[in-house]
Every structure is written in structure tokens, then in C-alpha cells.
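A, B, C, D, E and F are the chain letters, set down in written order, and residue numbers restart from 1 in every chain.
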């Protein structure tokens, strides 16, 4: 078994806001991130798959297919979007780095022919990232 | 004369939209960037100053002061903001990488004690940046 | 369960020297690193915590608290210090990348409210790093 | 137990070509990578070893020895070479990122005094890498 | 006037060989780079254009057009190619980083609508790059 | 004319201290950098040379010679050293990023056969660097 990882980038807006809380409570918890006009990031996504190497091609997974799945399931929905306002899973969940990693896992899991999704890593900035390995 | 450069980062939202154009014209010109919910970036700013070295301290400029000026004049206004909606200079100008570089120049020029502003570089993403050297 | 990682940087001096060895033995084992005036690095620290996501906030851990703990327990003691001369754990232990990772683990373990310390990674330079997952 | 990782870089050429397939089949499967004049990459290799820390030196492994083993077993064979034409293991196997990681594992495994090979990671480009942990 | 820079990457093979020299002379001058099977790199290209900002759009140049020109004039010819064997300008010139920068300048100069080509930078590896500003 | 740049790295210690000032004045001016045990950095050096391309080889300068000059004139003196205590030019000058850039210029200027030294850039950290172009 071997692991293969592909990176991709998307640019998106978000804010942090708990509707049950007052403005003051949100400000105290999330600081500048509670600004409801939103702010944004260049997110970096790493998708890791695990599998056996095809003896003929030497590949675990068809790289073009992997790229297409990431494009179709994630990029076309997240890139250049406001996560809170336009991406369904964040209508009721906060678009934190942790929740984005889980949401991307759910979008990709079971869609990659011939390999198992192993890990989703999401960087919000170079100094902050989340890793999700699925439910275990 | 020597040049000294300090980097800083801010996260902000923006969109591209020419009010005199129809939605279709804006879409054609700016693609996904015309989405008015906004999308965002981790911008990297490089501020370069030019000056003579102080013989005693060996510095062109007091690094803490330089950091404070950048914080006060740029970061406190741009970071975690929606550029179109919250930063005055972009009420009437498109927040392109080029215009952001010029706007930051205008905010910093003349404010750095003991040195001359030489260049402002702004990265919107790792593969796109603008350089401004002031009017010449 | 999900993992969240935050990076931080500190600049410090160190040298490698086994007191029971002669200068020649130290030079042979450690080369230029045995220079007792010390040399230095920009260390990069990655702190990874594991936990459950708070359903309301979407966070595994309060990011500001995590930053404060890293600042208080590590940065304030290591940054701009000579590790051999000023940091207690290296009075009797060599400040190698490996030992630094373990020492930082010991400083942080049990101090992060609501999450478990999962991994400490320390880069001495871009091409050399150590990972510690605690005693297992 | 602790993990220590060292990076190294090599520049090499390769192409993808299954001899049992026609030119058209190869083109369809591998696109531009099927060009038999070859194309090349700056590969980045990360070698991770696991072991106990020597109480006297504070090291898991002698860093110079580790560098020498990587140089002798991998760099001297792969660097500035055409992988398909000059490296024996790729006479009959495709030099994909996955197969390169396994081949480097096989070259290094058992050769690092005092520590166990834990992982080999190979980056073909910044956005594509393979990880191999040995047969398990 | 403002400068805008866009990066792109291509992967290619090359070797260094002066036909008038013996194998020994080539080896002495170019070391491993004289291996005629070729070796390769992930080249990074930075294209900088200079111009006036369009008052309506805020852009110096249409980014999509700039990308298309780079794709058509450079990427489609250089990417996944053996520079010595497949790219016409290197039939009689060595594909050094310097010559690649000049050749890309010649390919792009005069083709970028509304802006002047200002600089071409080519990285062969992260630690080696050439800059060309045209004939002056 | 074309420019060629080569990077190199060195690890060194330093501190900031003006002997005519009291401890309190030094602390006020330099903060943690005034700690006389020293602290350290992984410095990155970029050496840019300008020249004409040799029509036969395609090179502005022999890359191995350039590397050797940098090694002999800079690396062997600065790497793994305490700049204040061991490098002669910093006995009487503060080892700031600015002064290090000038000192490296003075060490390299006139020593690079066949090309002119154009610029010396020194990064103290990823977010701080100085550029020196010689006296003009």
C-alpha cells in the first residue's frame, strides 16, 4: 500500500458567527473573524489516497481522474465563493478549517475510483491547518 | 544607500464589478471574480524602504517603528475586511492587486521616519503580484 | 476526531558539546556545531492537537488560547535565547532537534484545554525536522 | 521513540510508456508524459527514520552518516539521470512518483545504522507527492 | 506606471553539450549536466509587464489574456519537452537558465496587448535563477 | 546583459549592542536582540551577477566558480559562527541585516571572474531582508 497526495488551491470568503449569540459574544469569541462582511483566504487542500500500485502503469490512481474529481466535487463549489452564503454545508455549520476538512472528506469519500480516501488536509493560512482521516 | 524590506500578511475579501456594466459584461470580463458575495485571499505585502545606515545602530530604519506604521496604516484597515465594502479607497476603485499596491503606497508614503518608501509589492496569490515604485 | 496544527517560529542559538569528551572528540562528532560561541537557527514549530469539534463554534480548540499557551510555555522561554545557556532543560541535555521536540512536548502536554497534544514537529532548517508523539 | 526527517533534492528525466501499448494508447493514458524524449523534474526526497535518542549526543542517528547513505544509495544513482534509461529498477517499472518512493525505500532499508527507516516521501512537483512506509 | 507579474511552471529536460568539444572537455566544463540522456527540472517562470492601469477595470493587463499568451507562446512549446531536442531555439544554443530567459523574452515581446514586457525571470531550481530585461 | 542569481544559506548567531549605551538603553532600542548570549538565524544569501552570455557555453559565469567564491569568501567565514565574536567586520559594526549585506558585497566584489557583482540580498528571516547594489 502506498499513499499519493495532490494539492489544490481555492480562494474563498467566510466569517464566524453563532446565531444564538449576541454581537458582543461573537466579537469576544471570534474577534475580527466575526465581521459579517466576510474576509478571505487562499486555502490549500491536500487530498491523500491510499491503494495498491497498478503493475502496468505504476500508478495508484489516475492522476487526471483524481484532479477531475477534486475539481468537480470541491473546486467548482468552493472556489471564489462565500462559504457561509453559497456552500450548502455551511448554512448551518461554521466554516472553520476543521469543518471544511470534514466537509471536503464527505464530498470526496467514495468517489475516487480504485483507491481509498486516506486524509484531507486544509490550510487556511501557511501557519494553520486541519487534518481529517474520516470516522474511525 | 541600502534597501530594507519587511513582509506582512492580511486576509481580506473582494470582488470585481464595474457598476456601469451589466451583470453579463461583468461576468465576461471578470469570470468568477464578479461574484458579489465576494471571495478572499491571504495577501502578502512587501514594504521596501531606502536610506542610509545609522552608523551607531547599523539600521536604516527602526524595525519596530516600521512594523507599527504598517500595522497602523495598512493592517488595521485591510486585515479581515471586505475591501469593496469597508476600505474607503475601494468605494470607487476596483480592489485589483495593482490598485491595492498603489493604495498602500499612498497610505505609507511620507510616514516612515528616516527613510524613503522605495517599493510596495502585493501578492494576491503566490503566482500573481504587483509592484509599485510611486509616480516617477 | 480531527487534528489541528498551528505553526510558530523562534530564533535561537545553540552548540553541540559533550562535556565528558575532549575538544577533538567533540569536533570529530559535531564538526562546526561544536563551536562554543554558538550558532543559530530560525526554528519552526508545529503543534498538533487532537479532539472533537465543538458543535456550536466548529473549533477543536480556541485558537487564541492555543497561541497563548505556545507563547507562554515555549516562545517566551526559547525565542531569542541561547538554548544551552538559558533554557533549563538544555543545561544537561544536548539541544538537538530531537531533544527540542521532546522538551516542547513536555512543556505543552496537559496545558491545552479541551484537546489532546498529538504531535510536536520542530524544523531546525527547511531540510531537517523531528517529530515527537509522546511516550507510547 | 522519535522520528527524524532529512530532505534532499535531485533533478532527473523520465517518461511514461507501457511497451505493450500502442503510441495512441500511451498518449491517451499519459498525455504529454508519454513524450519519449523525456521531460524532467526537481524531485524532493524526505527520508524519515525512527529510533531512540542517544542519551549522550541527543541524536537518533548520526546526521552526517544519514546524509552519506542518502548520497551513496540514492543521489549518486538518480541525480542528473534519465530514470527510464539509466536507473536499473526502472528498466521494467514505470518511474512514477509512487514507484520512485518504493525504489528509494528498497535502496535505503537496512542501511541506516542505529535507526529504522520509517517513511520515504517523494515530491515530483510541489503539488504531487507519494509516501511509502514499507510493506506492512 | 505599475508592474504586474504572473508565475507559471513547466517541466522539461535538457543537457549541456558543446559539439566542438570532446566528451572529456564537456564533462570537465559541465559535470553531470553533460549526461546526454538528459536530466530535468521544474522550471518556474515569472513574466513581468509594465503599463498604466485602466481606470475602469483597475487592471494593467487582462489576466486571462496574459495567461493565454504565456500558455500559447511558452508552455505549449516548453512544457514536458526535451529542450535540446524539441525546442527550435536550443538546436544551436545551450538551454542554460540565461538562454531560456532570453528565448522566452523573444517569444513574448510584443505579444502582450496594452502593456510592455518588463522582465522575464526563470528559476531552474529554487537556488538558481536568471533575469532578463531585454536589450538596453 | 543578463542577471544570474545564486542562493546560499548559513546559520549564525548575533546580538545587537551599542557599547556606548547602558544595558537599559540597549534593551529599549533592541529588545530581546540585546541578549548578549546571542540568538541565531538561518540566513539566506542571494548573490546576483551581471554580464554577457558566453556564446559557446550559454553561461554568464561558471556556476561552479561562483559557488566556490561564495563558499570561500562568505560561507567559510560566516556559517556556524557567532557574527559579533568571530567575524572581523562585526567587531566594530553591528551585524544587522543591512550591514551583513554590505559586508558580503565587500567580500565578493571584484572576485567573480567575467561578471560584475550586481546585488547582494540577505534574508534574516522569511519576512525581513536587505538589498545592496554597491556604492552608486
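Everything below uses one rule, namely that a contact is a pair of C-beta atoms (placed from the backbone, for glycine too) under 8 Å apart; a residue touches a chain by one contact, two chains touch by 3 or more.
Since this is a predicted model, take the numbers as computed values, not measurements.
**Student:** Out of curiosity, which chains are bumping into both chain C and chain D?
**Tutor:** Where chain C and chain D share a partner, that partner set is A.
**Student:** Which is it for copies chain A and chain D: same residues on both faces, with over half shared, or different residues?
**Tutor:** different
**Student:** Tell me which has more C-beta contacts between its two chains, B-F or D-E.
**Tutor:** Result: the pair with more contacts is D-E.
**Student:** Hey, which one of E-F, D-E or C-F is the same interface as A-C, over half the contact pairs lining up?
**Tutor:** The same interface as A-C is formed by E-F.
**Student:** Could you grab the centroid distance between chain B and chain E? Build each centroid from C-alpha atoms only and quote it in angstrom.
**Tutor:** Their C-alpha centroids are separated by 28 Å.
**Student:** How many angstrom lie between the CA centroids of chain D and chain F, rounded to a whole number?
**Tutor:** About 34 Å, centre to centre.
**Student:** Return the residues of chain E touching two or more other chains; collapse runs of consecutive numbers into ranges.
**Tutor:** 126
**Student:** Among all the chains shown, which pairs meet the touch rule set out at the top?
**Tutor:** A-B, A-C, A-D, B-E, B-F, C-D, C-F, D-E, E-F
**Student:** Which stretch or stretches of chain C touch chain A in the complex?
**Tutor:** 1-8, 48, 53, 56-60, 63-64
**Student:** Give every residue of chain A touching chain C within the complex, in rising order.
**Tutor:** Within the complex, chain A contacts chain C at residues 16, 18, 20, 29, 31, 93-99, 101-102, 126-132, 136.
**Student:** Where on chain F is chain C touching in the complex?
**Tutor:** For this pair, the touching residues of chain F are 9, 11-14, 32-33, 35, 37-42, 79-82, 85-86, 125-126.
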